[in-house]
Every structure is written in structure tokens, then in C-alpha cells.
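I've put the structures underneath this note.
Shared between the two complexes below is chain A, which pairs with chain B and chain C, respectively.
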Partner chain A sequence: MPKIPLFYGLLILLLSLSVSFPAAAADKENCLMCHKYRQLGRIDEKGRKISYFVSENIYNKTVHRNVPCRDCHTYITKLPHDPVTEEVNCSNECHIKPPFSQENFSHKKIVEAYNKSVHGIKSDDPPDVKQAKPYCKYCHQNPLFMKVDEKYIAGKTLLRCLNCHEREGVTKAYTHITHRLGHKTSRSPQEVVQLCSKNCHENVEMMKKFKVSKNTLEAVETYNESIHGKAVALGSEEAADCLSCHATHLIHDVQKKDDPESTINPKNLIRTCKQCHTKVNKHFIQIDVHSNVEKNLLLHMINIGLTFALYGTFIGLVGLMLFETYGRKKDGIKWMLKKGTTWRGLSRRIPKD
Partner chain B sequence: MPGEPKRLEHPKTVYFVGFIFGLITLAVVTGVAYHLSFSPHGPAVLRPLKAKFEKEKKSAILDEVRQHEEFEKHRHFHHSVSYQQLPEQKRPVCYICHSDYPHGKNKKVRALLNMHTQFFVCETCHLEQQEGQAVTYKWYNPLNDDPKGPFFGTSYDPATGNLIEGDDPFSKISPYIHAGGKMESAIQRQDAPLALDYIKVKDTLTPEQRDNVKKKFHVSIKAKGHECKTCHSKGGILNFKQLGFAENRAIDLEQLNIAGMITKYEKFYIPNLFQ
Partner chain C sequence: MSTFSEKINTFVKEIVTDTDTGTGTGAADRAEVEGVGTVPRDIYKSVKSDPLGDLPRYSIHIVIQHLITIITFVILAATGLPLHFSHVFWAPSVISLFGGPDSARMIHRAAACLMVLGGVYHLLTIILGTLIKTRTGKFDIKKTQIPRLKDLHDLMHDIKYFMGREPYRPKMEKFMYKQKLHYLAILWGNFVLITAGSMLLFPETASKILPAPSLFQNLARLMHADEAIMAVIIVVFWHWFNVHLAPGRFPLQWTFITGKITREHQIEEHFMEYLNNLKEIPEEREYMKNLLREKGLSSKGGGQ
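Then we have the complex of A and B:
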């Protein structure tokens, strides 16, 4: 066995001691001792499966990985703890100080915007309405850090940072910032539409609980029929999704149309449309984005006419070809692809002289 | 044949161009058919038919369970991960009635007890040992006669400190009984059809009849499992090292990481459970 000099031995020892454990850092109180096991859970009194499992490998890669468990789950005061009945309050302060700030981090600002918005739970809401409104967790899963290809996104810019800063720290900070900068939201338009529609706005029976207008009830349907909806459905990253028009950069401040702060209030529409469209004037904003052609008899008739014209042409053409084919076969003309043509021979109906 | 126009063999490029146009035509036809039938952007004439067909196949209970699973994903916040599941017919018979989350009575420990179902089969804890019977514990995999591991939870990843998942998600520690020089599995596997039959007719049986059947299922099964200390202590019934646990992991399991945790459980939460 080769002898390792004492200096290298010490170096190896030091390096092995300095290996960091990111999960352990946030989990000072060892909550994962139990919660890292996937079968930790139960079937509750209503027969629903409730899981208490937190994957340590995934939690390490989330934006909350440095937040100690009890900063969010403040109601846990002893170990082993009582069955949990309280919800996490996202406007709590946690023991993390963001860079350039002396104050503890909190989502207070966003929660305030959310509380004011139509989605916020109001004290005079009936219980079933309270239940049906989306709380933070409904739309947000503990976001994962996305692995960004350094070369692709950072390239030479990042190389310049590395002249002064350490590689790991800068790369992390850079990816943290850049993955949020592409669009108004970090989700794709398709994801936003899916999130707003599924289980909520497309569920007409549930939306009736909120006593919303007929336009709102039909919103998902009319959006999907609109030019924005079709572009998004076909994969556009630029076309407007729900949040592009219904919220400001705060994202959570979705308001009713009558609210003067609302982005879709007629007074604010010019500003809202201008986010994408350059030439916006008072006539432009009168275009009905969630238009329902059936509301207007004339439009409805034109729509039916155009539909007939489109399918009539297509079906007519295909039908003509089918009749022609049938007729030729009946007349004894042969179908011969091999010789370089589809039809051969003369019709029986043509006199042979 | 007289009168037939003379046709020449076409060059090969014509076939190629024809093929491309054929493809385009096919794509247009498919697109229009989809637009007409199911697309959310077209008249969708076949959608009501599909909805009617689906409605007939719908089950209210199944819908509710699925909807809850969807809500649970949002409620949980910490990403829910789906793991590979054993095929239904390969699962040990107990799961037919008791599911993967069998414990529900004692509020303080039910989730903790359920957690253990990931590591061992029910009989490991609930086997009624006959007098003079020697029991050995081994890893058991319903899909593999001789599982070699590495098994989940037997060692830590030195880079992260997290448990190593391994490639074998199904092996569990299971009891074997020595009988005449041979090792026999103590798992109750033979009664699966009977259990399925019981589930079907359960509601039509009288309480006495139900008890009779239940007795039949639970031969050499005791209602109350082992205490924590039976395994989580030095010299417990499970020899962690022999079962393939790494040395530091075995020590952690014997001491359960936090000193006094077991005592606390025994004092405050377990007494009612083991009476």
C-alpha cells in the first residue's frame, strides 16, 4: 500500500470534514427523522389518504431548502407533536435574511395583494365559498431550482463575474434570478391557463357558488375560442394567458372588472393591452376578448355561414373525389399505380369504334 | 389496345413529390377530422357522444378519490412523489383489507406505525409466535426469490447524508420459521381469493359470521404488534447488521437518533396501545 504523506492525509481529512449537508442545515430539529419515510401517513376519518412524507432529496433542491421546518409550521411546539389542525401562514416571517436587507424574509407583500384580490378569503364569505377559494398552496408547489445550462444562459457574462466571485455562489445567484426574468410569470402560458381552468374556473357548478356574471362563467370556454387561447393551445409562449391581462406584475392582484384598480377596468385597459400590442387606442380596447358569438344574432349567423363554407368546401371536394373514383371503377377503368398512373383503360360507356 | 392513350413511365421524382403531397393531404384530413370531432376549438360534434359514453362508465366513488388525490397534491406543498407499486396480485394478503396505511386508532402514533409498512410486512410485528418456535428475519421480495439489495434505508449517502434509495423498492423484512431444518415463510399468502371474496360479501354477513371469517384470516396473528424497544435497542430481535444495514445506520436505528424518544413514547403515547 502506498504511503500517504502526513500533509495530504490532513488535507483529505479537512476536506472530508467540510462536506456540507444542505438538508441537515434547514432541518436542525431533525423533523426528517420521521418525515423522510414515504409511508408516513394515514387514511383520515373521511377516508382520504393523507401523506406526511417529505422527500429529503427533493426538498434539498427547492427554494425553501434553507428555511427551518418550524419557521412555517410554527404551531409545532413539542416533539413528538400533536396531530396538526392548523394551516401554514405564508405571511409569517422566517429566520432568513435576504441579501441587501436587514429584515427577516416574508411573503407579506404578496399575501396582502392576494387578500385584496377576488381570490382572497374575506371574513363575510359563506363557508363553502371560503373552502372553494384557492389558497397559496393551491397554485404554488414548493418551487424547485431549475437546472440551467450554464453555457446556454450565462456564457461569457458569467465568466466575467467569476473574475471576482466564487464560481458556485455566483452560478446559484445567477440561476436564481434569471429563471424568473423571462416572462411576467415563471410559468408557461399553458401552465397558467391549465392552473386557472382545471378544477376551478372551468367547473361551472363550483363557479356558480361565487355568484359571478355569465361572462365569467363562460370565461374558460370563450378564452379557448379566442385568438389568445388558440395561440397558447398551439404552444405560443408570447400570447396572452389569464394573468397577462388580469393581473399586474404583482400577479396575485386579480380584481373584479368594476374595481378601479383592476387591470381589466375600462379605464386601465389601454395600459393592459399595451403590454403586448403597440398601437392601442380607444377603439382597440373595445374588441371583446372573451367574445361569445352566440350572444349576437348577426355574428352567430355569420359564424354558422363561415363554418358551412369551410366544411362545405372540404366535404364537397372529398365527396367529389369519392364519387369520381366510384364512377370510374364502375365503368371498368383500372387502378394501376405501378405503371406510373392511377387510372388506365377506357370507360365502358364510350363507344369502342 | 387501340384507342388507349400512350402513357410513359414517370420518373422517380414524381413518385417522391406525389408521396409528399399524399402526406400533406393526410395531415389536412386528420386535422379537419379532429377539428370537427373533438377539438376544443371546433364544433366538436363527437364530444357529447364521448361524454355520454364516459358518463356511463363513471363511478362516483372513484371520481371522489381521484379528485381528492389531486387536491392532496396541492395541499401537501412538499412535492408528492409517486413510487412504483407492486402489482395487485403480488401484494401480501393483508393489504386487501388493511391497505398500506393500516393503523388509524391511536392519534399519536398511527402515522409513525404506518411508516413502518415501508420496511417490513405485517407479520414481522404482528406474528403470534408459538412456544419453542425460532423465528429468523430476512428480506423478502414478492417478485424476486433471492433479493440481494441494496435495500432502501440501509445506508446513508456520504455526499448528502440522505438515505440511499437503492434499486429494489419492494423488498421488506419478513419473518421465517424454522421447521424441520427448513426455513418457512411466516407470511399469510394463501388466502388472497378468500379475502377478495370476503370484501365482496362483507355487508351481507351477520356480525358473528364476520367474526368467524376474520378468525380464519388471522391465524397466528396478534392484534397488538411489538413495542418499539423490541427492535430499536441493542440486541433487539432484528439484527440490523446481518440484514445488510451499514454500521452507522444500524447504530442510529438501535438508538433512534434522539435519545429518550422511545422512552417518551412509552410514557406518554404508547401505554394505551399495549394494554
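Then we have the complex of A and C:
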């Protein structure tokens, strides 16, 4: 055995420690053998660069870190595989068994609810509508929506679990479950509003493609003007965001108002509002949530009147202020301090005989 | 002892009549006061004044009510306006002073309750005070905030004065036309803000009581915001200016803490009230007598 100097020995030890180990559990079939190379990719017919690089560091931190590649990319049956033409299907079953369950894990229920919802692609949709509708990745890989803040309900409760359970696994499982308990979604109201508005519901031209009602077209604007929208914009955690009213706890089942299943169908409004307004009654649900004063002529006139009164008062008061200041200065009152108060000088008035 | 209807008649007469009754003569440039002599209208230009105030104006109750109003008004405006102007740059930093919108709305409600209590306290003071004064026969409608025809004339007179067309300020009572207008504005503003605010706080009950829940809720939203902005504008551009910033009042009137008004101010803007004080306060009578003698004015008048 050749003698290695101590220095090199330490160097080798340090280097081997600094190398990160591949995701051995998920990548049993060693897909990363090829996909770990940064330069792996091609230039397609339109000249776009497409990268096939998979960063194991990033992948190991995602929610899918324990899912083997071929559970989603099911069309791959041989190695080296054929060019990929299919999208992944999020309703696939994967080879992961959730705790206390015999069935393989799947997003099937969510996808079913989503497809039924107003956002799902319907068979009779025109092609440009099909194109414009959002799909799983549109929201879930949206940079606005990427990182979940893993807050859990009570750190002290977790400490009690750790008395018996191992730290690593149980902490992850606990935070995974409890960060969903605070709200209807694991996202903050601000994120939900931003995601629904930006590039989609805010974009009136695009929304016109879907032949939606006038109320829907101006929904973002009217929401931002409402008390819910204003409170959420300032960082409220309690005020209603889009999903609070427009979806049940399935979250993906947003429906049109006239659908009997819809949370905003007049028949279901009491149940929907009751989530926050506990004393809700049948008169309360008539109150506008996305209110627009210009829709009602009387309110519109009152609004104009109030605005005029406001500006009128402002201009009138400033005018009177200036007028009286002028009069008082003429009286010889100085706008300066002397012994802690303003003082009188010589009046510039012309004395009347 | 006059009957109730006679009393009402005299009140109405006092509201619609517009004469300088009670001054001895109706002359604009002076007033005869028994035991003092002739007090020239513009004597305020030569009196001595303590900036903290010389003569009584507000009771301790009014001072406390005003302090309650200042504190709650600032809190209400600071927690309410950022919500209305939520997309303006200063809104997030102002609301964060109160721990975000979720705690700010609780603070807003607490402050509103306190302000309403202050209002109730004020009404009680006014009503009980009036009752006591009526019993002892000291009630004088001219000393109240009730608008009279004279106030309109005073306003015209004052405009003429500041334009240089009248030689003297009008002879005004304890509350001048500006203050009466301001008081009425506060009454109306409080009524609107409390009503609309309660409708926003209890939308379930409001929608049950009132017809057309949608219309009235939208109306409440409009009115509450508009009246609040109006209140802030009036306080900043009217109240602060007239009371603290106008030349002659700058930098501050201490009346809101001491309850006392300076002699100069009272003679200038509340001449009739000063004449009442001359009658009621012997020290003030003595001061004025000496001042007139010093100025060589005492011989002019009659009453010694």
C-alpha cells in the first residue's frame, strides 16, 4: 500500500464530503446517469434551446422528491428512450403509499374536480379557448406560486411528538400536514389573488375570448375596490381571497355562478358566506361583494355629488383661509413669534373717518 | 314664571332678531358697561394677554371631551384611511404601525366605541347643563351653538371687514358663526359616520332591518369613506387653521387644555361674551377700568 501524505488524505476526505449524493431513493433506474449533465439538450425545429438537464439538488427539495421519474413519465419503456411527445399526466398513480392507506398515491380526485370546473378543458371548447385555459403546471409552476412558507400550527406540539418519534421524518410529515390547516389553501391570500389576477383574470382582452359576463370581466377591479380586496392588499390573513368564496375545500372546483354546484350560486351563498360571517341571513347574501357603484344610477349620482361636495369644501375652505390670512395681515398681525405668540404691528388699514 | 309657549316664543324671537341688545347702545365702535365706562370696540389691540388664557371659556367636561375626540379621531383616521387608500404608497407603512389590517380593524372599532362614548358624554353635559341653567334662570340662547339670523349678518360683516370695508369686527357671542357651522358639521358628520359605520360593522343586522340591502350597504360604504375624508379635510384646513395657524393665533391656542381664552381673542371675536365677563368678574372689571384710565379713555364714557 503506497503511503499517502496526511495532507492529501485530508484533502480527499474533504472533497468526498463536499460531493452531494444523488437522490438514490427516487432514482433507482439511474435516469440521472444522463440527465445530470448540464449541456444535455437539443435545438428544436424553431431554433429554441431545450434543456433536458435535471438538477438533483433542486429536485431533492421538491414535493416530488420521492417519486421515481417513470411514475409520471410513463411513456418511457426502453433505454435510451424515444423523443418525448407526451405531457405528464398528473392524475397518474405513483408508487408511493401514503400513511394509513393501501392505495397508491394519486392527484386523480383533484384532476377530476378540476376538469369539471370552469377552468377544465371541455370537448366543445373552440381551439383558442382550449389553448388559453390554465392547466396544472400553469399555476403550480408559476414563479408567483413557487415556494410554500412551511409554517406549522404550533412548534410546541411538534416538540411533544419528538419525544418518541425520530426528528427527520416526523418534522417533515408534521409541517406537510399542518401548513395546510391555517387557511383553506397553503398559500397566502395575497398569493392567491395575485395568481388569479396576473396574466389571466386581469387581462380583459384575454377574458373576452371566454365570452364571460361583464361582472366577470371587471371582477379583479371590483375585488380590489372591495373591503376584502383592500384588506388583502395590505396583508390581511383573515379577509376573503378568490378561493375563499369561489371554491369549496376541494379548491380546484371553481364553477360558474349558474352551475347548481357553484359556491356562488344564490342557493349556496349562505353556506359560502357563513365560513366567515357567522350570523349570515337571506338578506345579507344580497349585498354586493364585487360592487360597482356605477351600475346603479342612484348610487352613481350620489357618488358624483359626494365627490363634488368634497372638492367644493376643500377649495372653499382653502379660499376662506387665504382670504382671512390676507385680512389679518392687513390688520398688522405678524405671522411670527414674539414671546411665544404672534404679535401685532402697525395696521395697514386705512382708518375710516 | 312664564309658561312654556311663552318661553319658546322668546327663544324664537332671539333666534331671528339681529340687534346688539344688551350693550347699552347699539353703536359699533364702543359699548357702555356699568362700573367701567365706555369700552372701545378695538381695545383688544392694546390689552395684555397671557398666551395660556385669561378668561373662562370651556368647563373641564368640554376639555375632557375634546381630548377624547382628538385621540380617537387620530386613531380612527390612521386605521381607516390606509384601508380606503390601500393602493397608495403610504398605506402599507401606516397600517403596519397598528400590526396590519387584521388588528387595525379591531383598534378602529375600539376607538369608534370610545368616540361614541365621548359623544354621549357631551350630549349629557349639554342636556344636563341646559336643564340646570333653565332651572336657575341663567339659560341664554345667545350663548349656545344654536344658529341665529345674527350669525349670517356677522358673516357678511366679517367678510366686509377683512376686505377693508368695515372699521370693526362684528360683535359676536360666545360662539361665532364659524364655530356654529363647525359644530353643525360635527353633528352631521358624527351622525353619518356612526350610522354608516354601524351598518358596515353589522351588515347582517343592517340588511335585515333595511330594505334593499345591496343599495344601502353600498351607500354606507360610500358615505363612511366620503364623510371620513371630509372630516379630515375640515380638521386640517379649517379647524387647525382657524384655531392654531391663523396670524394672531399661531403657534397654538391653549384653550383646549386650559379651558381659558386670551383676553385679546375674546374681545376681538367674542365681544358680547367679554361684556358678560365684565359684568360677572370683578377682577376683569378692575383691569379694564385701569386700562381705560391709563389710556386716557375713561373720561369719554359716562358710567363711573
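Some points to look at:
The working rule: the second predicted complex is superposed on the first by the 245 of 353 C-alpha atoms of A that agree within 3 Å, B and C clash if a C-alpha of one lies under 4 Å from a C-alpha of the other, contacts with A are read in each partner's own complex, and residues count from 1 in each chain.
Everything below uses one rule, namely that contacts are C-beta pairs under 8 Å (C-beta built on N, C-alpha and C of every residue); 3 or more make two chains touch, one makes a residue touch a chain.
Keep in mind that what you see is a predicted model, and the values were worked out from it rather than measured.
By the touch criterion stated above, A:309 is placed in contact with chain C alone, chain B being left untouched.
Touch criterion met: A:298 reaches chain C, while chain B stays clear of it.
After overlaying the two complexes on the shared chain, residue contacts for A:249 are found with neither chain B nor chain C.
Using the contact criterion defined above for the overlaid structures, shared-chain residue A:224 touches chain B and also reaches chain C.
In the superposition on chain A, contact is made by A:54 with chain B only, not with chain C. Once chain A of one complex is fitted onto chain A of the other, the partner contacts of A:211 are absent, as it touches neither chain B nor chain C.
Of the two partner chains, both chain B and chain C are touched by A:233. Shared-chain residue A:267: touches no atom of chain B or chain C.
Legend: residue contacts after superposition of the two complexes on their common chain; A:286 is shown touching chain C, with no touch to chain B.
Contacts of chain A with chain B, set against its contacts with chain C after fitting on chain A, overlap at residues 224, 229-230, 233, 307, 314, 318, 339-341, 344, 352.
Contact residues of chain A toward chain C in the complex are 224, 227, 229-231, 233-239, 277, 279-281, 283-284, 286-288, 291, 293, 296, 298-299, 302-303, 306-307, 309-310, 313-314, 317-318, 320-321, 323-331, 333-335, 337, 339-342, 344, 347, 349-352. Considering their complex, residues 1, 3-4, 7-10, 14, 29, 32, 36, 40-41, 43, 67-81, 83, 99-101, 103-104, 107-108, 110-112, 114-118, 153, 158-163, 165, 257-258, 261, 264-265, 269 of chain B touch chain A. Against chain B, the residues of chain A that register as touching in their complex are 19, 21-24, 30, 33-34, 36-43, 48-60, 62, 79-80, 82-83, 88, 137-142, 144, 199, 224-225, 229-230, 233, 307, 311, 314, 318, 339-341, 344-346, 352. By the touch criterion stated above, chain C contacts chain A in their complex at residues 45, 49, 51, 82-84, 86-87, 91-92, 95-96, 100-102, 105, 159, 161-164, 167, 200, 203-205, 207-208, 213-215, 217-219, 221-223, 226, 229-230, 233-234, 237-238, 241-242, 246-251.
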